[in-house]
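Below is the structure I would like to discuss, written out as C-alpha coordinates.
Letters are used for the chains, namely A, B, C and D, taken in the order the chains are written, and counting of residues starts over at 1 for each.
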Amino acid sequence: MSFAIERDDDLLTVAVDGQLVVGNRQELKQLVLDEVEQGAKRVLIDFSNGGYIDSSGLGALVSLNKRIREQGGELRLAGLNEDLRTLFELTRLDTLFHLYGTRSDALVGF
Amino acid sequence: MSFAIERDDDLLTVAVDGQLVVGNRQELKQLVLDEVEQGAKRVLIDFSNGGYIDSSGLGALVSLNKRIREQGGELRLAGLNEDLRTLFELTRLDTLFHLYGTRSDALVGF
Amino acid sequence: MRSLVSDPGGGSLAPCGEWTIASDIGEIDRVVLAVTTLCEAAGFPPKVCRLNVPVALTEAIANAIERGNGGDAARSVHVSARIDDAGLCVEVTDEGTGFDIHSARALSEADGWVEREDGRGVFLMYALMDSVESSCNAGHTIRLVLRRS
Amino acid sequence: MRSLVSDPGGGSLAPCGEWTIASDIGEIDRVVLAVTTLCEAAGFPPKVCRLNVPVALTEAIANAIERGNGGDAARSVHVSARIDDAGLCVEVTDEGTGFDIHSARALSEADGWVEREDGRGVFLMYALMDSVESSCNAGHTIRLVLRRS
(Lines give C-alpha, C1' and ligand atoms only; values in the text may rest on other atoms or scores of the structure.)
Protein backbone atom coordinates (compact mmCIF):
# COMPACT_ATOMS: atom_id res chain seq x y z
CA MET A 1 0.00 0.00 0.00
CA SER A 2 1.70 3.12 -1.22
CA PHE A 3 1.22 6.17 -3.44
CA ALA A 4 3.70 7.35 -6.06
CA ILE A 5 3.30 10.94 -7.20
CA GLU A 6 4.52 12.84 -10.23
CA ARG A 7 4.07 16.54 -10.70
CA ASP A 8 4.30 18.25 -14.11
CA ASP A 9 3.30 21.90 -14.02
CA ASP A 10 -0.37 21.88 -12.86
CA LEU A 11 -0.77 18.14 -13.55
CA LEU A 12 -0.52 15.81 -10.57
CA THR A 13 -0.42 12.07 -11.20
CA VAL A 14 -0.84 9.67 -8.32
CA ALA A 15 -0.30 5.95 -8.81
CA VAL A 16 -2.05 3.87 -6.16
CA ASP A 17 -0.23 0.68 -5.30
CA GLY A 18 -2.40 -1.76 -3.33
CA GLN A 19 -5.62 -1.10 -1.44
CA LEU A 20 -7.18 2.28 -0.82
CA VAL A 21 -8.92 1.79 2.48
CA VAL A 22 -9.80 3.30 5.83
CA GLY A 23 -6.17 2.87 6.94
CA ASN A 24 -4.57 4.99 4.21
CA ARG A 25 -7.25 7.14 2.59
CA GLN A 26 -6.31 10.06 4.86
CA GLU A 27 -2.75 9.89 3.58
CA LEU A 28 -3.98 10.07 -0.02
CA LYS A 29 -6.29 12.98 0.74
CA GLN A 30 -3.56 14.94 2.49
CA LEU A 31 -1.02 14.30 -0.23
CA VAL A 32 -3.36 15.43 -3.00
CA LEU A 33 -4.72 18.44 -1.12
CA ASP A 34 -1.16 19.63 -0.38
CA GLU A 35 -0.39 19.55 -4.08
CA VAL A 36 -3.64 21.29 -4.95
CA GLU A 37 -2.72 24.00 -2.49
CA GLN A 38 0.59 24.32 -4.33
CA GLY A 39 -1.12 24.85 -7.68
CA ALA A 40 -2.05 21.42 -9.03
CA LYS A 41 -5.28 21.73 -11.03
CA ARG A 42 -5.43 18.54 -13.07
CA VAL A 43 -5.29 15.50 -10.82
CA LEU A 44 -5.07 12.01 -12.26
CA ILE A 45 -5.28 9.02 -9.96
CA ASP A 46 -4.09 5.82 -11.60
CA PHE A 47 -5.36 2.53 -10.17
CA SER A 48 -3.64 0.17 -12.60
CA ASN A 49 -1.62 -1.23 -9.69
CA GLY A 50 -4.45 -0.73 -7.23
CA GLY A 51 -6.13 -3.38 -5.07
CA TYR A 52 -9.59 -3.16 -3.58
CA ILE A 53 -11.16 0.08 -2.37
CA ASP A 54 -13.47 0.21 0.63
CA SER A 55 -16.23 2.71 1.41
CA SER A 56 -13.74 5.03 3.12
CA GLY A 57 -11.51 4.99 0.06
CA LEU A 58 -14.49 5.75 -2.16
CA GLY A 59 -15.49 8.51 0.24
CA ALA A 60 -11.99 10.00 0.02
CA LEU A 61 -12.29 10.14 -3.77
CA VAL A 62 -15.70 11.83 -3.54
CA SER A 63 -14.31 14.35 -1.11
CA LEU A 64 -11.20 15.05 -3.21
CA ASN A 65 -13.35 15.48 -6.30
CA LYS A 66 -15.38 18.14 -4.52
CA ARG A 67 -12.35 20.00 -3.13
CA ILE A 68 -10.50 19.96 -6.46
CA ARG A 69 -13.55 21.33 -8.30
CA GLU A 70 -13.91 24.05 -5.68
CA GLN A 71 -10.35 25.09 -6.56
CA GLY A 72 -11.27 25.18 -10.24
CA GLY A 73 -9.49 21.90 -10.99
CA GLU A 74 -10.53 18.47 -12.17
CA LEU A 75 -10.03 14.90 -10.92
CA ARG A 76 -9.79 11.98 -13.31
CA LEU A 77 -9.52 8.30 -12.43
CA ALA A 78 -7.80 5.78 -14.66
CA GLY A 79 -6.75 2.14 -14.79
CA LEU A 80 -9.64 0.65 -12.82
CA ASN A 81 -9.83 -3.08 -13.28
CA GLU A 82 -13.09 -4.96 -13.52
CA ASP A 83 -13.36 -5.40 -9.72
CA LEU A 84 -13.09 -1.68 -9.15
CA ARG A 85 -15.54 -0.91 -11.93
CA THR A 86 -18.00 -3.25 -10.18
CA LEU A 87 -17.55 -1.23 -7.02
CA PHE A 88 -18.15 2.09 -8.79
CA GLU A 89 -21.24 0.69 -10.48
CA LEU A 90 -22.66 -0.77 -7.25
CA THR A 91 -22.29 2.57 -5.52
CA ARG A 92 -23.39 4.53 -8.65
CA LEU A 93 -20.12 6.47 -8.42
CA ASP A 94 -19.70 5.79 -12.15
CA THR A 95 -22.27 8.59 -12.53
CA LEU A 96 -20.07 11.00 -10.56
CA PHE A 97 -16.69 10.09 -12.06
CA HIS A 98 -15.67 9.49 -15.61
CA LEU A 99 -13.54 6.34 -15.51
CA TYR A 100 -10.70 6.29 -18.03
CA GLY A 101 -9.10 3.11 -19.35
CA THR A 102 -5.42 3.93 -19.25
CA ARG A 103 -3.41 6.82 -17.96
CA SER A 104 -2.96 8.15 -21.51
CA ASP A 105 -6.69 7.85 -22.20
CA ALA A 106 -7.21 10.08 -19.20
CA LEU A 107 -4.74 12.65 -20.50
CA VAL A 108 -6.61 13.21 -23.76
CA GLY A 109 -8.17 16.65 -23.58
CA PHE A 110 -7.15 17.03 -19.89
CA MET B 1 -21.27 -46.36 27.19
CA SER B 2 -23.20 -49.27 28.63
CA PHE B 3 -23.80 -51.16 31.86
CA ALA B 4 -23.63 -54.96 32.17
CA ILE B 5 -25.34 -56.40 35.24
CA GLU B 6 -25.07 -59.74 36.99
CA ARG B 7 -27.29 -60.77 39.86
CA ASP B 8 -26.36 -63.58 42.28
CA ASP B 9 -28.71 -63.81 45.24
CA ASP B 10 -28.42 -60.45 47.04
CA LEU B 11 -25.21 -59.52 45.17
CA LEU B 12 -25.55 -57.17 42.22
CA THR B 13 -22.50 -56.57 40.05
CA VAL B 14 -22.55 -53.75 37.51
CA ALA B 15 -19.73 -53.39 34.99
CA VAL B 16 -19.48 -49.86 33.62
CA ASP B 17 -18.28 -49.73 30.05
CA GLY B 18 -17.23 -46.21 29.01
CA GLN B 19 -18.03 -42.89 30.66
CA LEU B 20 -20.38 -42.35 33.55
CA VAL B 21 -21.70 -38.88 32.91
CA VAL B 22 -24.68 -36.58 32.97
CA GLY B 23 -26.10 -38.37 29.90
CA ASN B 24 -26.30 -41.87 31.42
CA ARG B 25 -26.04 -41.56 35.21
CA GLN B 26 -29.83 -41.65 35.50
CA GLU B 27 -29.88 -44.99 33.71
CA LEU B 28 -27.33 -46.41 36.16
CA LYS B 29 -29.26 -45.10 39.15
CA GLN B 30 -32.54 -46.53 37.92
CA LEU B 31 -31.02 -49.87 37.09
CA VAL B 32 -29.38 -50.26 40.51
CA LEU B 33 -32.37 -48.96 42.48
CA ASP B 34 -34.67 -51.39 40.67
CA GLU B 35 -32.45 -54.25 41.73
CA VAL B 36 -32.22 -52.94 45.27
CA GLU B 37 -36.00 -52.84 45.38
CA GLN B 38 -35.96 -56.48 44.30
CA GLY B 39 -33.70 -57.50 47.14
CA ALA B 40 -30.11 -56.70 46.12
CA LYS B 41 -28.15 -55.74 49.25
CA ARG B 42 -24.52 -55.98 48.17
CA VAL B 43 -23.84 -53.79 45.16
CA LEU B 44 -20.49 -53.85 43.41
CA ILE B 45 -19.78 -51.40 40.62
CA ASP B 46 -16.78 -52.36 38.53
CA PHE B 47 -15.02 -49.61 36.61
CA SER B 48 -12.26 -51.69 35.04
CA ASN B 49 -13.70 -50.93 31.61
CA GLY B 50 -14.84 -47.49 32.65
CA GLY B 51 -13.93 -44.16 31.09
CA TYR B 52 -14.07 -40.78 32.76
CA ILE B 53 -16.71 -39.81 35.32
CA ASP B 54 -18.10 -36.30 35.56
CA SER B 55 -19.62 -34.55 38.58
CA SER B 56 -23.06 -35.94 37.75
CA GLY B 57 -21.66 -39.45 37.64
CA LEU B 58 -19.94 -38.92 40.98
CA GLY B 59 -23.18 -37.50 42.33
CA ALA B 60 -25.07 -40.57 41.18
CA LEU B 61 -22.63 -42.79 43.10
CA VAL B 62 -23.04 -40.66 46.24
CA SER B 63 -26.79 -40.87 45.93
CA LEU B 64 -26.79 -44.63 45.31
CA ASN B 65 -24.51 -45.14 48.29
CA LYS B 66 -26.98 -43.33 50.50
CA ARG B 67 -30.04 -45.17 49.17
CA ILE B 68 -28.39 -48.57 49.44
CA ARG B 69 -27.32 -47.93 53.04
CA GLU B 70 -30.84 -46.80 53.89
CA GLN B 71 -32.02 -50.22 52.68
CA GLY B 72 -29.43 -51.89 54.89
CA GLY B 73 -27.12 -52.70 52.01
CA GLU B 74 -23.61 -51.71 50.97
CA LEU B 75 -22.02 -50.26 47.83
CA ARG B 76 -18.47 -51.11 46.83
CA LEU B 77 -16.49 -49.67 43.91
CA ALA B 78 -13.74 -51.61 42.16
CA GLY B 79 -11.37 -51.38 39.22
CA LEU B 80 -10.78 -47.64 39.25
CA ASN B 81 -7.78 -46.72 37.14
CA GLU B 82 -5.38 -43.96 38.11
CA ASP B 83 -7.45 -41.26 36.37
CA LEU B 84 -10.54 -42.18 38.33
CA ARG B 85 -8.58 -42.37 41.58
CA THR B 86 -7.38 -38.83 40.87
CA LEU B 87 -10.99 -37.75 40.52
CA PHE B 88 -12.02 -39.38 43.81
CA GLU B 89 -9.08 -37.79 45.59
CA LEU B 90 -9.74 -34.32 44.17
CA THR B 91 -13.34 -34.46 45.33
CA ARG B 92 -12.40 -36.20 48.61
CA LEU B 93 -14.83 -38.98 47.70
CA ASP B 94 -12.05 -41.43 48.59
CA THR B 95 -13.07 -40.63 52.20
CA LEU B 96 -16.67 -41.66 51.51
CA PHE B 97 -16.00 -44.78 49.43
CA HIS B 98 -13.56 -47.58 49.96
CA LEU B 99 -11.97 -48.13 46.54
CA TYR B 100 -11.11 -51.76 45.81
CA GLY B 101 -8.47 -52.82 43.30
CA THR B 102 -10.13 -55.67 41.46
CA ARG B 103 -13.59 -57.13 41.50
CA SER B 104 -12.34 -60.08 43.59
CA ASP B 105 -10.64 -57.71 46.07
CA ALA B 106 -14.04 -56.09 46.55
CA LEU B 107 -15.71 -59.44 47.17
CA VAL B 108 -13.48 -60.30 50.13
CA GLY B 109 -15.61 -60.04 53.24
CA PHE B 110 -18.56 -58.59 51.26
CA MET C 1 -11.17 -32.71 7.05
CA ARG C 2 -9.47 -29.46 7.93
CA SER C 3 -7.49 -27.66 5.31
CA LEU C 4 -3.84 -27.01 5.79
CA VAL C 5 -2.99 -23.36 5.37
CA SER C 6 -0.26 -21.19 6.70
CA ASP C 7 -1.14 -18.05 8.55
CA PRO C 8 -0.41 -14.89 6.63
CA GLY C 9 -1.64 -12.73 9.46
CA GLY C 10 1.17 -13.49 11.84
CA GLY C 11 0.32 -16.39 14.09
CA SER C 12 -3.36 -16.31 14.81
CA LEU C 13 -4.54 -19.38 12.98
CA ALA C 14 -4.65 -22.59 14.95
CA PRO C 15 -6.55 -25.87 15.06
CA CYS C 16 -10.02 -24.98 16.16
CA GLY C 17 -13.65 -25.92 15.96
CA GLU C 18 -17.04 -24.46 16.77
CA TRP C 19 -20.28 -26.17 17.58
CA THR C 20 -23.78 -24.92 18.31
CA ILE C 21 -25.98 -27.49 19.99
CA ALA C 22 -29.51 -27.57 21.34
CA SER C 23 -29.88 -27.75 25.13
CA ASP C 24 -29.91 -31.51 25.06
CA ILE C 25 -27.68 -33.57 27.33
CA GLY C 26 -27.36 -36.15 24.55
CA GLU C 27 -25.43 -33.62 22.46
CA ILE C 28 -22.56 -33.25 24.91
CA ASP C 29 -20.53 -36.32 24.08
CA ARG C 30 -19.88 -35.64 20.42
CA VAL C 31 -18.57 -32.16 21.14
CA VAL C 32 -16.39 -33.46 23.96
CA LEU C 33 -15.06 -36.19 21.71
CA ALA C 34 -14.27 -33.72 18.95
CA VAL C 35 -12.37 -31.39 21.29
CA THR C 36 -10.53 -34.27 22.93
CA THR C 37 -9.48 -35.53 19.51
CA LEU C 38 -8.16 -32.08 18.63
CA CYS C 39 -6.09 -32.18 21.82
CA GLU C 40 -4.74 -35.63 21.02
CA ALA C 41 -3.79 -34.51 17.52
CA ALA C 42 -2.07 -31.47 19.02
CA GLY C 43 0.06 -33.65 21.26
CA PHE C 44 -1.44 -33.02 24.69
CA PRO C 45 -0.50 -35.67 27.29
CA PRO C 46 -2.72 -38.78 27.34
CA LYS C 47 -4.03 -38.24 30.87
CA VAL C 48 -5.09 -34.71 29.99
CA CYS C 49 -6.95 -36.03 26.93
CA ARG C 50 -8.56 -38.85 28.90
CA LEU C 51 -9.48 -36.95 32.06
CA ASN C 52 -8.91 -33.20 32.35
CA VAL C 53 -10.34 -32.07 29.04
CA PRO C 54 -13.38 -34.35 28.73
CA VAL C 55 -14.46 -33.97 32.35
CA ALA C 56 -14.02 -30.19 32.56
CA LEU C 57 -15.74 -29.67 29.22
CA THR C 58 -18.60 -32.01 30.10
CA GLU C 59 -19.14 -29.96 33.27
CA ALA C 60 -19.13 -26.68 31.39
CA ILE C 61 -21.57 -27.85 28.72
CA ALA C 62 -23.86 -29.63 31.18
CA ASN C 63 -24.05 -26.47 33.30
CA ALA C 64 -24.69 -24.35 30.21
CA ILE C 65 -27.58 -26.63 29.24
CA GLU C 66 -29.10 -27.25 32.67
CA ARG C 67 -28.25 -24.06 34.55
CA GLY C 68 -27.62 -21.37 31.95
CA ASN C 69 -30.39 -22.39 29.57
CA GLY C 70 -32.59 -23.99 32.23
CA GLY C 71 -32.84 -27.13 30.08
CA ASP C 72 -34.93 -25.26 27.51
CA ALA C 73 -34.21 -27.17 24.29
CA ALA C 74 -35.05 -24.12 22.21
CA ARG C 75 -32.02 -22.34 23.63
CA SER C 76 -28.64 -23.24 22.31
CA VAL C 77 -25.13 -23.63 23.61
CA HIS C 78 -22.15 -22.54 21.59
CA VAL C 79 -18.77 -24.16 22.08
CA SER C 80 -15.59 -22.91 20.49
CA ALA C 81 -12.23 -24.57 20.95
CA ARG C 82 -8.87 -23.36 19.83
CA ILE C 83 -5.40 -24.76 20.31
CA ASP C 84 -2.29 -22.69 19.86
CA ASP C 85 1.28 -22.82 21.12
CA ALA C 86 0.18 -21.77 24.59
CA GLY C 87 -2.46 -24.47 24.93
CA LEU C 88 -6.17 -25.14 24.65
CA CYS C 89 -8.81 -22.47 25.11
CA VAL C 90 -12.47 -23.57 25.07
CA GLU C 91 -15.41 -21.24 25.46
CA VAL C 92 -18.89 -22.46 26.28
CA THR C 93 -21.63 -19.88 25.83
CA ASP C 94 -25.20 -20.26 27.02
CA GLU C 95 -28.18 -17.90 26.83
CA GLY C 96 -28.38 -17.32 30.55
CA THR C 97 -27.50 -14.41 32.76
CA GLY C 98 -24.43 -15.91 34.38
CA PHE C 99 -23.69 -16.68 38.00
CA ASP C 100 -21.17 -16.10 40.72
CA ILE C 101 -18.51 -18.64 39.87
CA HIS C 102 -16.50 -17.90 43.01
CA SER C 103 -19.37 -18.91 45.28
CA ALA C 104 -19.95 -21.97 43.13
CA ARG C 105 -16.31 -22.94 43.52
CA ALA C 106 -16.49 -22.34 47.27
CA LEU C 107 -19.29 -24.91 47.65
CA SER C 108 -16.47 -27.40 48.30
CA GLU C 109 -15.57 -25.56 51.50
CA ALA C 110 -19.00 -26.04 53.05
CA ASP C 111 -19.74 -28.77 55.59
CA GLY C 112 -21.25 -31.84 54.06
CA TRP C 113 -19.99 -31.15 50.53
CA VAL C 114 -18.51 -34.64 50.20
CA GLU C 115 -21.91 -36.22 50.92
CA ARG C 116 -23.81 -33.99 48.48
CA GLU C 117 -25.09 -35.33 45.20
CA ASP C 118 -24.44 -32.09 43.32
CA GLY C 119 -22.14 -29.07 43.54
CA ARG C 120 -18.92 -30.61 42.20
CA GLY C 121 -18.98 -29.30 38.62
CA VAL C 122 -17.38 -25.89 38.99
CA PHE C 123 -14.97 -27.27 41.58
CA LEU C 124 -13.81 -29.92 39.10
CA MET C 125 -13.35 -27.40 36.29
CA TYR C 126 -10.97 -25.43 38.51
CA ALA C 127 -9.21 -28.60 39.64
CA LEU C 128 -8.70 -29.91 36.10
CA MET C 129 -7.95 -26.73 34.13
CA ASP C 130 -5.26 -24.07 34.48
CA SER C 131 -7.74 -21.22 34.31
CA VAL C 132 -11.50 -20.86 34.49
CA GLU C 133 -13.23 -17.56 33.77
CA SER C 134 -16.88 -16.67 33.68
CA SER C 135 -18.16 -13.54 31.98
CA CYS C 136 -21.41 -12.04 30.85
CA ASN C 137 -21.50 -11.09 27.25
CA ALA C 138 -22.43 -7.76 25.88
CA GLY C 139 -21.83 -6.02 22.64
CA HIS C 140 -22.97 -6.25 19.11
CA THR C 141 -22.16 -8.77 16.41
CA ILE C 142 -22.43 -8.46 12.70
CA ARG C 143 -22.47 -11.72 10.81
CA LEU C 144 -21.52 -11.89 7.16
CA VAL C 145 -22.27 -15.00 5.16
CA LEU C 146 -21.05 -15.80 1.70
CA ARG C 147 -22.29 -18.96 0.09
CA ARG C 148 -20.00 -21.10 -2.00
CA SER C 149 -22.36 -20.96 -4.93
CA MET D 1 0.31 -23.98 10.30
CA ARG D 2 -3.04 -25.66 10.87
CA SER D 3 -3.14 -29.26 11.84
CA LEU D 4 -4.93 -31.76 9.71
CA VAL D 5 -7.48 -33.75 11.67
CA SER D 6 -10.64 -35.50 10.74
CA ASP D 7 -13.80 -34.67 12.58
CA PRO D 8 -14.96 -37.39 14.93
CA GLY D 9 -18.00 -35.37 15.93
CA GLY D 10 -19.78 -35.62 12.63
CA GLY D 11 -19.00 -32.69 10.39
CA SER D 12 -18.56 -29.62 12.53
CA LEU D 13 -14.87 -28.97 12.11
CA ALA D 14 -13.92 -26.58 9.35
CA PRO D 15 -11.11 -24.18 8.48
CA CYS D 16 -11.51 -21.30 10.84
CA GLY D 17 -9.72 -18.57 12.69
CA GLU D 18 -10.35 -16.08 15.47
CA TRP D 19 -8.75 -12.74 16.14
CA THR D 20 -9.14 -10.18 18.87
CA ILE D 21 -7.75 -6.77 17.97
CA ALA D 22 -7.58 -3.37 19.62
CA SER D 23 -9.76 -0.64 18.12
CA ASP D 24 -6.98 0.46 15.80
CA ILE D 25 -7.56 0.93 12.09
CA GLY D 26 -4.03 -0.33 11.48
CA GLU D 27 -5.06 -3.79 12.70
CA ILE D 28 -7.68 -4.35 10.03
CA ASP D 29 -5.49 -5.44 7.13
CA ARG D 30 -3.84 -8.44 8.73
CA VAL D 31 -7.17 -9.94 9.75
CA VAL D 32 -8.64 -9.27 6.31
CA LEU D 33 -5.60 -10.87 4.69
CA ALA D 34 -5.85 -13.93 6.92
CA VAL D 35 -9.54 -14.46 6.15
CA THR D 36 -9.02 -13.86 2.45
CA THR D 37 -6.23 -16.43 2.43
CA LEU D 38 -8.52 -18.96 4.13
CA CYS D 39 -11.06 -18.34 1.36
CA GLU D 40 -8.44 -18.80 -1.35
CA ALA D 41 -7.29 -22.04 0.24
CA ALA D 42 -10.90 -23.19 0.41
CA GLY D 43 -11.35 -22.64 -3.31
CA PHE D 44 -13.57 -19.55 -3.40
CA PRO D 45 -13.58 -17.78 -6.80
CA PRO D 46 -10.75 -15.27 -7.35
CA LYS D 47 -13.02 -12.23 -7.67
CA VAL D 48 -14.71 -13.07 -4.39
CA CYS D 49 -11.30 -13.32 -2.70
CA ARG D 50 -10.07 -10.10 -4.27
CA LEU D 51 -13.18 -7.98 -3.84
CA ASN D 52 -16.24 -9.27 -1.99
CA VAL D 53 -14.56 -10.73 1.07
CA PRO D 54 -11.87 -8.11 1.74
CA VAL D 55 -14.14 -5.11 1.14
CA ALA D 56 -17.12 -6.41 3.13
CA LEU D 57 -14.90 -7.48 6.00
CA THR D 58 -12.97 -4.20 6.02
CA GLU D 59 -16.31 -2.37 6.28
CA ALA D 60 -17.50 -4.55 9.13
CA ILE D 61 -14.27 -4.19 11.13
CA ALA D 62 -13.91 -0.46 10.44
CA ASN D 63 -17.48 0.12 11.64
CA ALA D 64 -16.87 -2.03 14.70
CA ILE D 65 -13.81 0.06 15.57
CA GLU D 66 -15.12 3.52 14.70
CA ARG D 67 -18.86 3.19 15.34
CA GLY D 68 -19.32 0.28 17.74
CA ASN D 69 -16.30 1.01 19.91
CA GLY D 70 -16.22 4.76 19.16
CA GLY D 71 -12.53 4.46 18.30
CA ASP D 72 -11.66 3.74 21.93
CA ALA D 73 -8.43 1.73 21.66
CA ALA D 74 -9.09 0.10 25.02
CA ARG D 75 -12.11 -1.66 23.56
CA SER D 76 -11.55 -4.64 21.36
CA VAL D 77 -13.06 -6.17 18.29
CA HIS D 78 -13.39 -9.90 17.92
CA VAL D 79 -13.49 -11.51 14.50
CA SER D 80 -14.24 -15.16 13.90
CA ALA D 81 -14.28 -16.78 10.51
CA ARG D 82 -15.35 -20.24 9.55
CA ILE D 83 -15.62 -21.98 6.23
CA ASP D 84 -17.70 -25.08 5.70
CA ASP D 85 -19.38 -26.75 2.76
CA ALA D 86 -22.04 -24.07 2.66
CA GLY D 87 -19.60 -21.18 2.54
CA LEU D 88 -17.91 -18.54 4.63
CA CYS D 89 -19.38 -17.14 7.82
CA VAL D 90 -17.56 -14.25 9.50
CA GLU D 91 -18.66 -12.59 12.71
CA VAL D 92 -17.35 -9.23 13.85
CA THR D 93 -18.17 -8.33 17.43
CA ASP D 94 -17.64 -4.92 18.99
CA GLU D 95 -18.41 -3.63 22.48
CA GLY D 96 -21.13 -1.28 21.38
CA THR D 97 -24.89 -1.33 21.68
CA GLY D 98 -25.68 -2.02 18.05
CA PHE D 99 -27.62 0.01 15.52
CA ASP D 100 -30.48 -0.20 13.09
CA ILE D 101 -28.84 -1.87 10.14
CA HIS D 102 -31.91 -1.51 7.94
CA SER D 103 -31.83 2.29 8.19
CA ALA D 104 -28.09 2.21 7.58
CA ARG D 105 -28.66 0.16 4.45
CA ALA D 106 -31.42 2.51 3.32
CA LEU D 107 -29.02 5.50 3.34
CA SER D 108 -28.43 4.63 -0.31
CA GLU D 109 -32.02 5.52 -1.14
CA ALA D 110 -31.70 9.08 0.10
CA ASP D 111 -31.12 12.03 -2.22
CA GLY D 112 -27.51 13.04 -2.52
CA TRP D 113 -26.13 9.67 -1.36
CA VAL D 114 -23.81 9.42 -4.37
CA GLU D 115 -22.19 12.75 -3.48
CA ARG D 116 -21.72 11.89 0.21
CA GLU D 117 -18.33 11.07 1.60
CA ASP D 118 -19.66 8.46 4.04
CA GLY D 119 -22.63 6.10 4.34
CA ARG D 120 -21.57 3.40 1.87
CA GLY D 121 -20.22 0.75 4.28
CA VAL D 122 -23.36 -1.14 5.22
CA PHE D 123 -24.67 -0.78 1.69
CA LEU D 124 -21.52 -2.42 0.34
CA MET D 125 -21.70 -5.28 2.84
CA TYR D 126 -25.18 -6.12 1.57
CA ALA D 127 -24.09 -5.71 -2.04
CA LEU D 128 -21.06 -7.98 -1.67
CA MET D 129 -22.30 -10.70 0.69
CA ASP D 130 -25.18 -13.16 0.48
CA SER D 131 -26.43 -12.35 3.94
CA VAL D 132 -25.77 -9.67 6.54
CA GLU D 133 -27.20 -9.88 10.03
CA SER D 134 -26.78 -7.60 13.00
CA SER D 135 -27.59 -8.71 16.52
CA CYS D 136 -27.02 -7.61 20.06
CA ASN D 137 -25.35 -10.18 22.22
CA ALA D 138 -26.52 -11.53 25.48
CA GLY D 139 -25.66 -14.59 27.46
CA HIS D 140 -22.87 -15.96 29.52
CA THR D 141 -19.56 -17.49 28.53
CA ILE D 142 -17.29 -19.74 30.50
CA ARG D 143 -13.75 -19.93 29.23
CA LEU D 144 -11.51 -22.87 30.09
CA VAL D 145 -7.80 -22.69 29.44
CA LEU D 146 -5.32 -25.52 29.64
CA ARG D 147 -1.69 -24.71 29.10
CA ARG D 148 0.54 -27.04 27.17
CA SER D 149 3.00 -27.25 30.02
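Assorted remarks:
Keep in mind that, in the parts below, a contact is a pair of C-beta atoms (placed from the backbone, for glycine too) under 8 Å apart; a residue touches a chain by one contact, two chains touch by 3 or more.
Given the structure is predicted, the values throughout are model-derived calculations rather than measurements.
Centroid analysis (C-alpha atoms only) places A farthest from subunit C.
Subunit C has its Cα centroid 28 Å from the Cα centroid of subunit B. Subunit C and subunit D have Cα centroids lying 23 Å from one another.
With each centre defined as the average position of its C-alpha atoms, the distance from subunit A to subunit C rounds to 50 Å. The residues of subunit B never reach two or more other chains; the list is empty. The set of subunit C residues that touch two or more partner chains is empty. All chain pairs that count as touching, in label order, are A-D, B-C, C-D. Partner subunit C is touched in their complex by these residues of subunit B: 1, 19, 21-23, 51-56, 58-60, 62-63, 66, 82-83, 86-87, 90-93, 95-96.
Residue ranges of subunit C in contact with subunit D, taken from their complex: 1-10, 12-19, 30-31, 33-34, 37-38, 41-42, 44, 48, 52-53, 56-57, 60, 63-64, 68, 80, 82-83, 85-99, 101, 125, 129-148.
Across the complex, subunit B is touched by residues 25-26, 28-29, 47, 50-51, 54-55, 58-59, 62, 66, 108, 113-121, 123-124, 127-128 of subunit C.
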